[in-house]
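Structure in structure tokens, see below.
Chain naming follows the written order as A, B, C, D, E and F, and within any one chain the residues start at number 1.
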Amino acid sequence: MVELTRRATFSASHFYWNNAWSTEQNEKVFGRCANRNGHGHNYTLEVTVAGTPDPVTGFVVDLKWLKDVMEREVVDVFDHRHLNFEVPEFAKIVPTTENIAIAAWKRLEDALAHASTARLTKVRVYETPEIFAEYRGEA
Amino acid sequence: MVELTRRATFSASHFYWNNAWSTEQNEKVFGRCANRNGHGHNYTLEVTVAGTPDPVTGFVVDLKWLKDVMEREVVDVFDHRHLNFEVPEFAKIVPTTENIAIAAWKRLEDALAHASTARLTKVRVYETPEIFAEYRGEA
Amino acid sequence: MVELTRRATFSASHFYWNNAWSTEQNEKVFGRCANRNGHGHNYTLEVTVAGTPDPVTGFVVDLKWLKDVMEREVVDVFDHRHLNFEVPEFAKIVPTTENIAIAAWKRLEDALAHASTARLTKVRVYETPEIFAEYRGEA
Amino acid sequence: MVELTRRATFSASHFYWNNAWSTEQNEKVFGRCANRNGHGHNYTLEVTVAGTPDPVTGFVVDLKWLKDVMEREVVDVFDHRHLNFEVPEFAKIVPTTENIAIAAWKRLEDALAHASTARLTKVRVYETPEIFAEYRGEA
Amino acid sequence: MVELTRRATFSASHFYWNNAWSTEQNEKVFGRCANRNGHGHNYTLEVTVAGTPDPVTGFVVDLKWLKDVMEREVVDVFDHRHLNFEVPEFAKIVPTTENIAIAAWKRLEDALAHASTARLTKVRVYETPEIFAEYRGEA
Amino acid sequence: MVELTRRATFSASHFYWNNAWSTEQNEKVFGRCANRNGHGHNYTLEVTVAGTPDPVTGFVVDLKWLKDVMEREVVDVFDHRHLNFEVPEFAKIVPTTENIAIAAWKRLEDALAHASTARLTKVRVYETPEIFAEYRGEA
């Protein structure tokens, strides 16, 4: 059993805001992230799949195929987008790094489940080189 | 003569748009960057000053002072902001990496000129690790 | 359950020395690290906490609060210090990367336990980009 | 119990090819990697061992010794070599990142088992900064 | 005048060999690089152009266009290739980092000269993160 | 004319202190760097030489030779040392990044002048990834 990981990047805008709160409460909890004009990041997405290398190809998965799945399911949807306004998952939940990792997992899970004998084991999202969230599909 | 460089980072949103053009023309020229909801980046700012190390302190400039100047003049103004809407330089010019480097230079030039015997020689701005612009104050 | 990680850096001096040994024995075991004038590193501290994102804020923990805890409990104590002489944990044990990771864990564990529903799951310390130790609080 | 990791790098050539297939089939499955002139990478090898820091030295293992083992068992064998032609493991299996990680594990496992109370827990191999495989010795 | 730089990467094989020399002489001068099976690297190409940002677009050059030129002129020719055997420049000269930088400059110079008001000012090629060569078109 | 650069790293301790000043004055000017127990860094040294690639070898300089010179003249002298106490240049001048760059230049200049047709053009020293000084031998 080998874990194989591929990285991709996307650039997106977001802000943190709770409509049920006053502006003061939003600014107190979310600080500079509450600026409703939005700010942005170069995100790095790391997708890990686990499996046994195919004895003929040596592949856990075809990395070209994995790249295509990552681009179609996540990068093309998030890149150069405003996450709050243009990505449905974030219409009602705050696009924190934690929630972006969960959203990316859910988008990838089905695509990877139907097409491969390897299974998705980990999604890591870096908001900056100093901050990252990791989700393994566990409650 | 030694050149001394300090880095800082800021996260901001922007988009590329020319009001004199049609939507089609903006999308043709600016591609995904024409999305008016904005997208964003983790920018890295590199500021270089040149001078002779002080024989007593060994400093070209006090790096703590340089950090404060960079934060006050650039980082606090650009960080967690939407460059098009919240930074005056970009009300009428497009916030490309090239123009951000020029704007940062202009903001730093005066502050550094009045307070130090070293002189500003270079401002480099990375939009991503793959793309950067450098300005030396030359026409 | 999501794991959220934040990085910080500190610069410190240390050396490796066992008072019960001769100079020759210290130099044989510890090599250049036995230089009692000390040498130093830019350390990177990675702190990981695990929890379920709050449904309202989307936070596993407030990253601003986590930064403050990391600075108060570890960075302010270790940064620009000589670990052997100024950090109590290393009065009698050698400040290897392994022991620094354990010391940082112990300093963080209580502070994080009292203040948050998330729990500390991992502390990683890089001595250089080529060497790092990771502690998960397990015997 | 602490995990201690050390990195090393090597530069090598490889290509992907299955003699049982036609050229067309090889190119269809392996794409540009099927070029039999070979291409190459700067690989990064990360070796992780786990143990309890020695109460006297503070070491899980002596990192100088670990470096020597890594060089003797893996780096000296793989570096500046054509993996398909010069490394026996890849005479009949394809030198994918997955298989390189398994081969490095097997080379390190015995050397580390005989010489230390710490045990090998993880081998990670980066083919590029964007792609890596990790093996933990599990079927 | 602003300098704008874009990076790209390619993976290639090479070896160092002079047909006029004996094997011993080649191994003495070129060391492990004289292995005629080849070895390889992940190269990074940095291309810098200089110009005045267009007052309407804010562009020194369109970075999408620059990327296409870099891919067509250099990356597609060098990537996943054996430089000695498959890139004409290296049929008779040794593919050192220095010569790769010069070759990339020559390939880019014409393409950039015909298509843009900005001019090529610098080509930097990294063989590894520790070694790079830079060429500015000067004799 | 091509510029060829090689990197090396060293870990060292230092502090900033002027014997002619009171403790208060030292702490005011040098802040945390005035801690006389010392603190340390992982320094990166970048050495650049310029020349025309040899038509036979393709080398501006032999990088193995350059590595040996860098190790003998700088790395072996500075690595795992306390710069204030063990490196003669810093007996009377403060080991700032600026002064370390000048000291490295002077150590390399003669060695490179006597042994090669290429000439030293630049020495860059990183104290951290955020701070670096560059010296070109100019008054």
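We take it that a contact is a pair of C-beta atoms (placed from the backbone, for glycine too) under 8 Å apart; a residue touches a chain by one contact, two chains touch by 3 or more.
Source: prediction; values computed, not measured.
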A correct list of chains touching both subunit A and subunit E reads B, D
Count the C-beta pairs in contact for B-E and for C-F, then report the pair with the higher count. C-F
Select the chain at the greatest separation from subunit B, using centres from the mean of Cα atoms. D
From the mean C-alpha coordinate of subunit B to that of subunit C, what's the distance rounded to whole Å? 34
Per the C-alpha centroid definition, the whole-Å distance linking subunit A and subunit C comes out as 28
By the touch rule stated above, which residues of subunit E touch at least two different other chains? 129
Connecting every touching chain pair, does the picture come out as line, ring, star, complete or other? other
Using the touch rule from the top of the page, what pairs of chains touch, sorted by label? A-B, A-C, A-D, B-E, B-F, C-D, C-F, D-E, E-F
In the complex, subunit D touches subunit A at residues 16, 18, 29-31, 93-99, 101-102, 129-136, 138-139
Interfacial residue positions of subunit C with respect to subunit A in the complex: 1-8, 52-53, 55-60, 62-64
Show me the residue ranges of subunit F that touch subunit C in the complex, using the header's touch definition. 9, 11-14, 32-33, 35, 37-42, 79-82, 85-86, 128-129
